[in-house]
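Okay, structure first, notes after.
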């Protein structure tokens, strides 16, 4: 059983039922999620051993967030508790031409107060196969960034594969640093990066006409990175998307088939589901085509699951990878 | 900030959750709506100053209906309270080939007892930019019709633009008058009319081959009317409609783009949303094309909003008018 | 008013709300259904006199299941009560490429303990026009099979038309008999059979290239059978199916139009809805084309109704048979 | 199995969830009830054969009301359908010093249009043991009163015991008659009457110091009446009532024990539950003490059951009559 | 119609349904409340003209909070919108010996950013009869304190009666000031103060053996204060409280009757409900006994209403003041 | 941190919302519980390390049951999966004189198929402080009994304290053995027993006038048992119980104070909560009075928590043990 460690903030998500607008909500559905934890939960549902590291406020809501990760099979024994609030986000679900909307309320979270020394990275990463982080953590605070940097360094030293989702949410950075200031050091420790040409240009000044050329430019700066990956989402409407994924191994780009997601249930976490699927695929096979197909199929399935995390099993993904898109009733 | 006054009945709408048939409903969702009030609520959500005039029973349900209008920003200070019941309608939501169904239970409503003198039109309409009514009011009672006629006359005298939605719901008329008896006088006071060839023929004997010819025939009888407008709905199924709108200014017909509403959430009030959008567009621009596009986009968005009234903002409509139909998540 | 008798197990169905996976369910919606009872309920909604015969545990849940049938107009006065549990099934609703899933928990049900002599078939079938059974009953126990055989023999003697849905759920048979052991005797008493080439081959060794040839092969073995019918479902996805039905009268195959069910609400019981519609059509008309169209339209409508049973009225089906697929609002 | 026939209006009851006030309700729970139908449902739950006669609008809501009676075991085959609306009432549930409130919306109901000849009383009452009516019916319309009078006359002729609940809801009478005008004729056909001194005085001018004397006064006017009964409710608060019942047989008053209902769930229908229990007791025993205890215990239990009707079994009542007030868990 | 102005923060309250603990909540009920706004809402429900002043984030949730005040009849036209988050609190409802729990999450709210000059106090208070504030505002920020001080000074100048609830929530003060630093200036402008001996001692060093003596000590420091009031709550359990109130006019203490609240629905806002009732009583009568009884009865009723604010009408309070504690059903 | 191991069946509990009777339930709330697992969950909420051992069906519902234990902090890594169904029970919540009712549907559960060798007791119990079992396991099957006997023997050998709740649910035993046949061997391995005089007599023929004498009789047969404990519940009504607990150490009986639970939320699992509290108390203190008070207070609090398991913290229990029964709001 492969073992994956993830690190990042987990928020309470509050969502009006059905298609109600915020103004119509008299109750809000509660889910807990965060981009890296979503990867952990999905991998746990696939049967991997996963550990998520974060920091929660030491009250019933922080404990409930941890309990939810545990519910889905993620090891929560390294989670820290202390001062600070629980990050929140409010999600209104759109349909057709009405976009879904998110109101973030995540500043000053307990996670943003995590600092170097809070995590015993040596112990946590001992024996792990993979470590995953995202560009949201360095957006939150210097100390969280430093703690993450410790983790990446330790992973590199212990030979744990490192993946970074470097979409960096430009509107989050409020503590004085710019993405360009801190992301390069973190990116340098990655074996696999999720990003696109625009990120590579904005963050590292890599200018190129194609994804492949941009990746090659990245490799010059960050020689450790072996794989670049991304998904492409065609948004026909809020209810209907088309999705493909691709991975570039320095030489060749391997693309998944396209999924036509005609009746979206919940599109939050689609990218995280892709990464979880890709990681699963790469851990279980040397065939990059299999891995990228597994990731894309996982992401397609996520769009039919309520909540941030992809709760489908590896068997369900395999059936879809195998070509059964019929959704036929299983008795 | 433009100011719009609307007049008409507001009902409690009772709707089984989800796609349950009436026979399956053990609870009913409550919304308050009425064609003219829906216009007011939508315009309030667009940021206009709106006042709705109606008459409610003097009990908790009547007050809740008024409170709901107030919630959405409509001025309710001219609403009257007294004897009579609250009009109701029951709505069962269909899907695909199963049609939605409405059971009306609106006779003897407190609104139908409203009478001339009950509304201080002079005060209400002073300084208003627009007054809107519909063909449902004259269907309910002679006194309500007379009260409305007072309003239209006052609006005309004060130079307030008057719009009338003359769809007249033939099955409502129970008090002894026919639409043909009372609608002409009311229509004569209009600057803008929503209706179609069939209405114009049945009500006023205007026979024509095209919408434009029919409108011209109407102008002969009702010289005050400057604009004729209508929407066209292609009902692919209960879950999927296509929608366009048009306006005729006596010379030219200006049509909106067509909206493909593939996953309908709630189609009630689609026409009211169009009128609200059109009025907003005409108040804020001299460009009829803009106005009709604003109306059509507003109506398209309404189909994704639960309840009778269109709760989207002017910004959401503008984005759609601007061409963004992707429904992409807004953070 | 025609009278139809059905016989079979009724289960409690427990279903997470919306698209929640089992792991996400903190409440379960309760419906009662069973393939033969679904036929009875649908026919009752069409206005037929229907009687369902089954056996329930003698506690509040068994009585609630009976009450639900009675709610929809089915005569429950011949239902037996006694030892045994209430069969259950858990249903998770999928979407797009995520399949719906069923977990059955139906062994040792009170129904499986029903035995010859428990039903006074003579009284029940006296004056009935139609008797319907399915291949699930003989899958459950020898005594239930024997009781059913009694019913079929009585129906044959009294001249009641007999229909059998011989889909036999291979994974249910646990009491020692194989489908091939017991289905032939039951099939021999049928006037109409729902099945396909694969069933005919596996059960009776009838091998053929086409449905028609297979039916002819069946007729050689079971001369009483006058009609063979089946539906064809093209599963575009869990949210979108296409459906047709056909009936073979020994000479000609009559096919229905195809229904494009683009936004499925609940596909359980689609086949039962077809059979109910077909029976209704055959009872009310000699025109097989009408009957098969009525069945197919009924089945299409079922996909938009929550629960196992088709609760639409004969008028709703007739409107769809008449070609109105627009789902236009009915006021 | 004894057989009881009841006659009267059935309304849809709409109730905010929990203790929400009307102003706070975004959904309303649906129950169907009416004083006489509540008696029928309770007796059906006790195992009696019951038939309720009413008239419903011929639409899905009317049919749902009938289906609900059928669900609980009441024979609905004599119910008439036609023009008119479904009577409604809205119920807000209070607590402690905040009273529950009812808003009635029941005028012009389909039931109020029932008229002599609509019910084939001869058939309905043939073989029945008991016929029950209430003072609400004569409050609604002359034709409903006349239809009821037909029923009482037929019952008298066929030797069916007649009970009348003559609480007459003074604020309902709008059709021109006063209670005094029509109730005497109906009361004259009763064998048992539920009422109190105030009713007897207001309706029939019977003045007395005690219930017993008042009853004796009544007997002078209405010699047929053998039994007079009533409940006494001490309202400690909206959450806590104390309840006793008594019956006077012309000679002796027999009182039940007092029930201390400390945590009321739903007190609507408490009187109907008493009558159902009393009728059950009188049908099954000659011991008036047993009957009045059975009625009082039934009524006490009703206060713990949601909805208008008492859904407890005869066994549950018997246990309470037998003295087990512990509410101990039954496995 | 009297006019009351209130000033203070309004939070979103998120509450697990029923008695669920935080760990059990998969949805949270949404209500908006704040101690001063609760006073405004209650007075609006009593029929007073009320205006609440606060500052909300300029997004859908801030607008929903304002809309909710407007729903209940409070004038929201002076509310400011801008940067900052919406304060939140999470409430778990206890029972018997399990205490209810609150988790606050209100720092850095948009309200805490309100500053002098943001409110046009002159306009707002012109013609008002009463201005109410609480000790929570000075706990939040210096600028909010300064803005409040502006308001109190303006009220004093315009002759508007000022009341202050000086319970100061010691654990809120995080911006560098202590209650003792800022409350004296605010208290000096009050005509009526809600507080107790402990407050008076801790805040102003007033030491006394009795409430009356303490009040007299306060009057020496703050000669403007004419009335001192407080409630006394005996907490039998989380489900059962006893409540009295008293007011001291410098000479005499007038106490209300005691209310025995045996089945608490929601005790949040009980003190605010008292103040609203007291203010209503003092505005409508010179009889302090009436005012304090009205306040205590209002508070008792609040314990039966879900949410922070007391939604009962003046008539409901008057009935209870008049002695009807029976909670008898009102039809 | 003390470590406790528990062993036994976990069932899905299905419960109509509020006070609905089974006949009224259209949805059922889902909770997972079992007497021994309830002990484990409560101890985990107190902060103990707990491991529950059971056997679940290898499908989504079995995994959800395990996930729920994990959610509350119980180690589920030793749970086995395989054939068999998930045991169920249906719970209807009563009030006042209406008793709650349970319908069990637990035969042939996956747990009942657990057998010796399935659990690696040596590993599980290594380092544990306490092992708890109940009389339900031996009621289910011989193999489950044998597996439990293995566990008890191992615990005895490893010096792990063993507690047994020997209430044996006489109506469960269906596999051929009587309680008397198998319980003695299991009881012999106990250090602490929960039971009463009646159990001791029926199971082991110990006849005595008092609890203490009975315990002494037990000690003669089972010399290992050091402590005998029991709770006493006075059932005033289904809504109101009084509760005390006692423990006998062979010499002295120590009784807890009495708790007056006036507004019961959910009384299921009250005994399990007591045992968890007692075990916690005994693990953390040598003071038996403290331990029995901790247990009784925990049990009292359980009655206010929805579901089978007691989710309160050790701090909440300590506060109640410390005498604070006021249920005062905690901010």
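Some points to look at:
A, B, C, D, E and F label the chains in the order they appear, each numbered from 1.
Keep this in mind: a residue touches a chain if its C-beta (ideal position, glycine included) is under 8 Å from a C-beta of that chain, and two chains touch if they have at least 3 such contacts.
Quick caveat, the model's predicted, so the values are computed rather than measured.
Traced through touching neighbours, the fewest hops from chain A to chain E number 1. Counting C-beta pairs in contact across C-D and across A-C shows that the higher total falls to A-C. For the touching copies chain A and chain F, the fraction of interface residue numbers used by both exceeds half; the interface is of the same-residue type. The chain with its Cα centre farthest from the Cα centre of chain F is B. A centroid comparison over C-alpha atoms places C as the chain most distant from chain E. When the contact pairs of A-E are matched by residue number across B-E, B-D or A-B, over half of them reappear in B-D. For this pair, chain D with chain F, the centres built from the Cα atoms lie 45 Å apart. The mean-CA centres of chain A and chain D are about 62 angstrom from one another, to the nearest whole unit. Residues of chain B found to touch two or more other chains are 21, 23, 26, 67, 71-72, 101, 263.
Here chain D touches chain B in the complex through residues 14, 17, 21-23, 25-30, 59-61, 63-64, 67, 85-86, 88, 90, 92, 101, 103, 105, 107-108, going by the rule given at the top.
Contacts from chain D toward chain E in the complex involve residues 18-21, 23-24, 94-102, 104, 169, 171, 235-240, 263, 267-268. On the chain B side of its complex with chain A, the touching residues are 71-72, 259, 261-265, 297, 300-301, 303-307, 311-312, 316, 319-320, 325-331.
Considering their complex, residues 67-68, 70-73 of chain A touch chain F.
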